Amino acid sequence: MSAKPKVAFFEFTSCEGCQLTVVDSLQDHPELLDAVEIVQFREAISEKGEDYAIAFIEGSCSRPSDEPKLQAIRQQAAIVVALGACAHLGGINAIRNRMPLQEVREYVYGDRAEWFETYEPRPIKDVIKVDAVIPGCPIDRREFIKAVTHLLQGRMPFIPDQPLCMECKLKENICVYTRGKVCLGPITLAGCDAICPTYGDGCEGCRGLIANPNIEAMRQVMHEHGLTDEAIDAKLSMFLTNQIMALEEAG
Amino acid sequence: MTTKSLKVDVHHLTRVEGHGNIVVDVQNGELKQCELQIVETPRFFEAMLRGRPYTDSSHITSRICGICAVGHATTSLRATEKALGVQPSEQTVLLRKLNFHGEILDSHILHAYMLVAPDFLGVGSVIPLAKSAPEVVLRALRMKKLAGDLCKAISGRHTHPIAMTVGGFTHFPGSEELAALRERLVAMRADVDATVELFSTLQMPDFSRDTEYIALHKPDEYCFIDGVIASTDGGTWPIEDYRRVTNETIVRHSSAKHTANQRESYMVGALARFNVNYDQLHPRAKAAAATLGLKPKNTNPYMNTVAQVVEIVHCVEDAIRLIDVLLARGITWEAPAPPTRLSGEGVGACDVPRGTLFHNYVIEDGKVVGANCIIPTGQNLANIEADMRKLVPEILDRTQEQITQALEMLVRAYDPCISCSTHLLNVQFV
Amino acid sequence: MSFKIMPKAALPDWVTWLKNRYRVVGPTARQGQYVFAEIASPDELVLDYPTSVLPPKKYLLPQRETLFTFDAQSMQMKANIEWEPTVILGVHTCDMHAIRLLDKVHATGYTDQHYQAHRQHTTLVSIECLSPCMEHSFCKSMGTLTVPEDYDLHLTDLGDSYGVDVGSEKGEALLQGFTAIWDPTSEDYQRINKVMAEKWPRFSYRLNFDVTELPDLLALSNNSSLWNELGDICLGCGQCTKVCPTCYCFDVRDEVDLSLTKGERTRTWDSCQIDRFATVAGGHNFRSTRALRNRHRFMRKGKYHLEAYGLIGCVGCGRCAAACLVHITPVDTFNELYRRHKKGELLEEAKQA
Amino acid sequence: MTTLLKETLKHSSIYLPTPARITAVKDLTALEKLFTIELPSGFSLNHRPGQFVQISVLGVGEAPISISSSPSRSNGSFEVCVRRVGSVTNAMHALKPGAMLGLRGPFGRGFPVERFRGKDILFVPGGLGLAPLRSLINEVLDERGKYGRVIILYGTRTPADILFRDEIAQWQQRTDIEFHMTVDRPDESWTGNVGVITTLFPKIQIHPRNMVAVVVGPPVMYRFVLMELLGKGIAEGNIWFSFERHMKCGVGKCGHCQMHHIYTCQDGPSFSYAEIKHLEEAL
């Protein structure tokens, strides 16, 4: 690609941790600023260009009035990339999707619930067409840079399509199950370098499910390691609520 | 007296975390409307914690904010630990403090260099700055990397720490790793000095408004974790009494709630900490404050950024000290301290980069049944509006552009974390 | 070649002595398990370890390895053949058999120079297993409880000393000039005879049939419903293949810098248990179910390798069984097939297919 | 003159490609392009029909691609026909004449052409299968006298998928070739046969004793064509396929192409039915 592609960053319901990770990626790759032209990035810059070709969207869509904004971005951008678990899966925001919406609203806003607009948080692919995903909560810095090189090459970012256990074992981590904890590694996509198990915690599934996951077997394993059905449900709903609800719907 | 009319409508303020609008309406010299509107989507974190195992809370609430993730996690763990009678070990306490310094450094460097400095250096953002003053940007990136690496060594990563758990840690840094970080921190002093020098040359707008400053306080250290709530207006409160200090109210133009203590509003954050805890600062930080022309009690909110620079100095020095203590003790791979009960209520409080943060949980049989989080920016909102109300008339003779910029810079000086502050809740525990 | 005795007290000195000449790796403790790692000081070495998480093959076929670096603009390419004179201490006999198979694979047909470079500069110091290392190992059944002939040095724990069998010149070189060893006395011979005689009863045969029957048993099992049963419980996580000392499949990827010029092509361990492993363009997956992928793995271990390389593909180390969260194990799988075979079920199922 | 393979083997790594230049690119369909690749001077390809090369776009990756030109016509350069399906193949499609690629190979054992001499040959390419088969077809046509009847049955999904139209036009003209074509789904312009490839079989006479059949196409096609051929009494050893399997190395190491104990890249990709009929995973 000859001219620097113009890129823009947008955020919807999110913690902005993924955008922060983008900023952090400059620490090791300041040349990123030579490779692309950032025309919009509200968290970090005041400039505002509307002629972007690649849009990175962070955050889930969690209210109807976000939808037209997403559509406007889709209109402009040749390539839309979902940045992080919120945009990719609905993320942590979707924990509440198994709870009755009205109850959730009233718990937090009491009798003022109607003041604030919301609905079930969803991945942006449920609202607009998404061309590529950079998964994770937050995204992985190296993977972000890699994804940008792929986009510069004119191809879609390659995201590993294998379970996390594969990466975890490459690092020769001690399986967290043998350390008395549970982990969603067997059903979660790799690519984060198994960072949670590496630091002694079980994977929470932030990168989303592998293709054809064996959820039933995963539940069985967690059961065997002492989790109640309720605790298993909690594990599977940290990041995976929407994906698992979709699987349930599909039967 | 001017009879000027003016409408300022900054839609989606940039270089802050989260979505906020500034709306000012002056008609014939009279200030009709002056609001910082928080238009971020409501997040419902408190509702999301309910019914889940207490071990999830820190991981979920860390996702309130990507910048204060360690702060949220630490506060959450403290709330849970108090609820369940967990006594963390001395090593845990030390590691948490060190981790916290990493986050304060990371956040302050980001704010001071990348979000605020462009305003003073006449550029729109860090991107043109990278061209016009590459050494400044590279220095910021270098310092920020070290801050991030500090967090990484202790908890796996800064944004959404991994190894922090109720009662302790699930992973420990090696002593070579700590020693290497110490060496880098020592070497970073040159960058820190350059930072002090840079900010001592930036002319902060001349504005002041006396208000109540609130921060956590401990007599023997510059406090970030635990302590008591202290006010420059006098008085201390145990953190369990946080509701008596924060007195939240709902306002319609904001999906975040306003707070007030002994006056109509109060301020939290670096400047508040500086005003409350000046005595506990590291001598090098006090020296830096002198260089920067910052003395307690300072009532210019624009100086919050300068107070952050002072804290950068403090945190680097204290991090070196903490590493020395840790290395002298030796790191042990210890199991997290266990809960002594599975039901209870607890309040955790930390002074995170942007100010005092409270988490309050009620746990029953290991499950969270009630949660309340009060976020620094939420506490600052009323104070920011009060500042704006005082500032606008003072600068009404300027152009609309200048006024807008002054207001933007004012809000930015608070380093608001809008995505954090949108929880707006009115939770009554039974 | 020869047989020597080294007092245990001399081991630290020997390790230090080796460290001055080689990169020395061996089993070390990590959070209650053992991993092969570079030995920084002799007291880190644990020679009587049960088993390691990953087999020592990682020094011959690293988890990630750069094949070559390139400049995409100038089309300059430079092979990355890496090696470091390395001594691997404390290799169990099962892993020695596995390395033998890897040697065969990488020398059959085209030569893989990357593997060869590592291999040629590696000296293997194996150790006699005197009791089963864990509940899952079944080396006795697989015939891997004795060291294959091509060892360099082989240690046997004789109590306060090690018997040191020298198997090659490479092995000999590890002792050249090290003086704290001596020729065995008749007492030493008696001791080694005793140790060796006593070890056998400690191990049991865990396959209910002789391993020589395994390939034929598997040949009959193509249509067994057992594969579907395994497929139902298998998580498809691929851990079994990562920890296996005889697995060697890899994936290849390019990485390039942001200017799209300089980069490298790397290979990474892959796994046939992963969904897309056998998928081709157009989307056809030749092993589309976990059942088929499980079948492939066990066939490879018990049959295909024998046909392709003359060596059986499983060395009975038991790592895959220990790693499997849903308890799929070679022993249970093979025994269950055998049981079904005896009941005539396999033939029945084959006929129906 | 050295062969590309010898050069590949001389490298310090079997995985190191040799740079080569694209000299021509021709659109065949919306998805397929024909690339002419020039070997470095002094090199010959010296391949057998049915063999493939590993083509690299540095920075993107490597893919196994069959050699589409015949040995007799691969003097200093050769042709490959590439369908764009993913990263490497898309990257190739973006390349213009003059661009550089990396080459390794040729790999695989190819078809045993000598054993086909004197026999009637039935070619059954389906879709992209014509790309590899074209190498063999042209080899046979260039040595036409050495073979018996030459029959080609070509099937594609739609008329738009037809490859090598110019050459097909020539084949259709020739009286020494029996050529039949079909599409699964016709468009308005199509006047020929409609239906899957097996619907062409009734159009030809087969004497099984003297016939070799070579079938290359998508996996789904093989079973049906095989049944047809066996039904006509053609010997199992005379029915040949070329298999596509996922491949990463091309030299029997990466394990991806393994079916049973056989490495498709080394032992194939061409196999006779006799060789693989007992292999559960082959067809």
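A, B, C and D are the chain letters, set down in written order, and residue numbers restart from 1 in every chain.
Assume a contact is a pair of C-beta atoms (placed from the backbone, for glycine too) under 8 Å apart; a residue touches a chain by one contact, two chains touch by 3 or more.
All of these numbers come straight from a predicted model, not from anything done at the bench.
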Two chains share more C-beta contact pairs than any other pair here; which two are they? A-B
Determine the centre-to-centre distance between chain B and chain C, using the mean Cα coordinates as centres, and give it in whole Å. 52
Rounded to the nearest Å, the gap separating the Cα centres of chain A and chain B is 25
Between chain B and chain D, what is the separation of their C-alpha centroids in Å? 65
Whole-angstrom distance, CA centroid of chain A to CA centroid of chain C, is 37
Indicate the residues of chain B shared as contacts by at least two other chains. none
Residues of chain D that touch at least two other chains are 59-60
Shared-contact residues (touching 2 or more other chains) in chain A: 153, 158
Based on which chains are in contact, what kind of graph results: line, ring, star, complete or other? other
Mind pulling up the chain D residues that touch chain A in the complex? 59-60, 87, 90-91, 94
Can you check the complex and tell me which residues of chain C touch chain A? 30-33, 35, 53-54, 58, 63-64, 232-239, 242-243, 253, 255-260, 268-271, 274-276, 290, 323, 325-326
Partner chain A, residues of chain B touching it in the complex: 12, 14-19, 41-44, 46-48, 50-53, 56, 59-60, 63-67, 69, 110, 114-115, 118, 124-127, 130, 137-138, 141-142, 144-145, 148, 155-160, 162-163, 165, 169-171, 250, 252, 255, 419-420, 423-427
What residues on chain A touch chain B, complex-wise? 12-21, 23-24, 26-28, 30, 33, 38, 41-48, 62-63, 66, 91-93, 95-96, 99, 103-105, 107-110, 112, 115-118, 137-138, 195-196, 198-201, 204, 231, 234, 238
Show me the residue ranges of chain A that touch chain C in the complex, using the header's touch definition. 29, 31-32, 34-35, 145-146, 148-149, 152-153, 158, 161-163, 165-166, 169-172, 174-175, 177-179, 185-187, 210-214, 217-218, 220-221
